[in-house]
Amino acid sequence: MLHLTIEFSGGAELLFNNVKKHQIELPDNRKWTIKDLLAWIKDNLLKQKPELFIQDETIRPGILILVNDSDWDLLGNLTYELNDNDNITFISTLHGG
Amino acid sequence: MLHLTIEFSGGAELLFNNVKKHQIELPDNRKWTIKDLLAWIKDNLLKQKPELFIQDETIRPGILILVNDSDWDLLGNLTYELNDNDNITFISTLHGG
Amino acid sequence: MSNIKILSNAEIERYSRQLIIPDYGIESQIKLKSSSVLIIGCGGLGCPSALYLSTAGIGRLGLVDNDFVEISNIHRQIAHEIHHVGVNKAKNLAHKCQSLNDQIKYDYDVILDCTDNVITRYLINDVCVLLNKPLVSGSALKFEGQLTVYNYLNGPCYRCLYPKAPPAHSVSNCSDAGILGPIVGTIGSLQALEAIKIIAGIGKSLSGRMMIFDGLDFQTRIIKLRPRQIETCIMCQSATDTKLSQTDKNQILDKFDYSQFCGVSNYNDKSQNVTVL
Amino acid sequence: MSNIKILSNAEIERYSRQLIIPDYGIESQIKLKSSSVLIIGCGGLGCPSALYLSTAGIGRLGLVDNDFVEISNIHRQIAHEIHHVGVNKAKNLAHKCQSLNDQIKYDYDVILDCTDNVITRYLINDVCVLLNKPLVSGSALKFEGQLTVYNYLNGPCYRCLYPKAPPAHSVSNCSDAGILGPIVGTIGSLQALEAIKIIAGIGKSLSGRMMIFDGLDFQTRIIKLRPRQIETCIMCQSATDTKLSQTDKNQILDKFDYSQFCGVSNYNDKSQNVTVL
């Protein structure tokens, strides 16, 4: 199995029953990209308002995805292939002050 | 070889030419405890005033040792056996305000 | 006004505790004295930023905010007190900073984004990119804070990170989600720190990195960001386009429809105010 | 004085932006209103701590410091201004916090260590251990800060971590190594945050963990600390010894020779001051 830690912060956790950290397992008989993971999260973890998480088959504007604390854009974006024990974090940007 | 990252902070780096982070290699034909490492640092890295780093064959009071960001006291103190890729940090306590 | 390139004995005494830091020293203090910082937003983040830059000896401080102090501000905006309700925030903060000059200037060395809404953040970012000024950006909500430095040392700008604005209905602000004073106190203090480091040219700034702080769980993480996106960021592309004059660049701002971009029907008061830049 | 167990409409308006945070809410505000915090040290750490606890609505704040404001303090101690030079720091900070009561009480719920020397830190720790009070401890030097919560939820006390005092000649303070304002601003703000969380009973405190902040490189780490050392820490041992009365415990403090323990020839002014606890 592919063991992943999925984290939400900056308010993104509100879409996931206010749970900030999730440990998940995915079958490792296939490759998983971030794009596949987004679809999996939408079907399996997301509790409400999918349009606040996914738009046009990618993450909605204003949420930054991190792979092991690095901007996913450094790692191929939607095409990044997940490795065992990866930490994938979804940070909703804050605007207040 | 045993690859270790040695870090100094809180002023302890002043004893090491003001260099906060050191990558070192130790021969892995033997076991290395923190006690052995202290002696090795004293002989190989320490630039000045050994009494401000080691006292009575242990770390001097006021410096906390961390093994991979955990207090060494949780891991056996002087007897902890080093593993490859360990991060050992020496934090000098601050008192100012 | 004292000579901008040397320190008087009184200044040496006053700043002695930072002058003696080996990584700081007298050179940094003189740089601070001869530099200017523009703080946009004089609320929860702007108050500590302005106070610490003032006491550290910044040469000129610009404060912009056309909001007025409300009762619900004072739990976190430490320069504003209950008898200031109804007073302009920038004026009041300037008074607190013992600055007599709250006039907006065009030539600030470092800009601090201490505002509280998306549209203003894009606008401030774009101005900084086109004028090539480092932008220290802080934001906070509830128990959380985020901090980074945009448009500096080949790090990304706000728009490089977020080329599309978030849907308007997905955005929470302090009025509807709440905010705790010590959170903005922490982030605002750290914005002052980053401004001082940039001006003094010391240390490693948060350019290309972002601090994410969760004050409730007390977790911090510092994440690595993408570099500047010259190919795809419309502002970074324009800023580095040698065929464009400064006038052309100014027109880019005039022509850009921020309200449409952010999906809101009109500018709010805050963003109108910032357009005087 | 208003009823301590309910909030008035004016208070609801004033604190509305923290009341609406889901993890905080009205219960937390009432706990804050009916609680007290003692801040020992009214300098760089004490100023922001006190300001943010005041504006957040703490019921009673105690401020202790028998130092007087010096010119070299004001670059970082944001409640003290140049015309306050020579004024007592606690009095001046209390004035800033609009508190009329700077009298020392014995029954504070949370203590903040905002002091600047080793001997005082051991003394404050020992008092907190023997009286079973959580201690939010901040410290700073140059560009660095450290923050933890001692003696709370089975976490260690200062003495559990540091059973022996550091050699006197190894200790640097702000007078000889320097300190930057935004660093104490950050750590002091975070001390206020931890105090609020403890009082409100929300979130995860830094008990058993310590934040290490390097502002020059901008690195943060949160380290895991040993638990309370009942077997080897002389104060934690005494505090949990059911055979000892409170009078016995008080005598432990009276008998303990702090100056010998810290290897200094006599108490300084600060530590004398704190013994009134």
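A, B, C and D are the chain letters, set down in written order, and residue numbers restart from 1 in every chain.
As a working rule, a contact is a pair of C-beta atoms (placed from the backbone, for glycine too) under 8 Å apart; a residue touches a chain by one contact, two chains touch by 3 or more.
Here the structure is a predicted model, which means the values were calculated and not measured.
Colleague: Nearest whole angstrom, what separates the Cα centre of subunit A from the Cα centre of subunit B?
Modeller: Using C-alpha averages as centres, the distance is 38 Å.
Colleague: Based only on mean CA positions, could you tell me how far subunit B sits from subunit D in angstrom?
Modeller: Each chain reduced to its C-alpha mean, subunit B and subunit D end up 29 Å apart.
Colleague: Could you please state the distance in Å, as a whole number, between where the Cα atoms of subunit A are centred and where those of subunit D are centred?
Modeller: For subunit A versus subunit D, the centre distance works out to 39 Å.
Colleague: Give the residues of subunit C that touch two or more other chains, as numbers and ranges in rising order.
Modeller: Residues 22, 142, 174, 177, 179, 217, 222 of subunit C touch two or more partner chains.
Colleague: With chains as vertices and touches as edges, which is it: line, ring, star, complete or other?
Modeller: Graph shape, chains as nodes and touching pairs as edges: a line.
Colleague: Kindly provide every pair of chains that touch.
Modeller: The list of touching pairs comes to A-C, B-D, C-D.
Colleague: Along subunit C, where are the residues that touch subunit A in the complex?
Modeller: Touching subunit A from subunit C are residues 41, 43-46, 114-118, 121, 138-142, 144-146, 161-167, 170-174, 177, 179, 184, 212, 214, 217, 221-226.
Colleague: Inside the complex, what are the residues of subunit D that reach subunit C?
Modeller: It is residues 10, 13-24, 48, 51-52, 55-57, 71-78, 81-82, 98, 142-143, 174-183, 185-186, 188-190, 192-194, 196-197, 202-206, 209, 211, 215-220, 222 of subunit D that touch subunit C.
Colleague: Show me the residue ranges of subunit B that touch subunit D in the complex, using the header's touch definition.
Modeller: Per the stated touch rule, the residues are 9-11, 20, 51-52, 55, 60-64, 66, 69-71, 73-74, 91-97.
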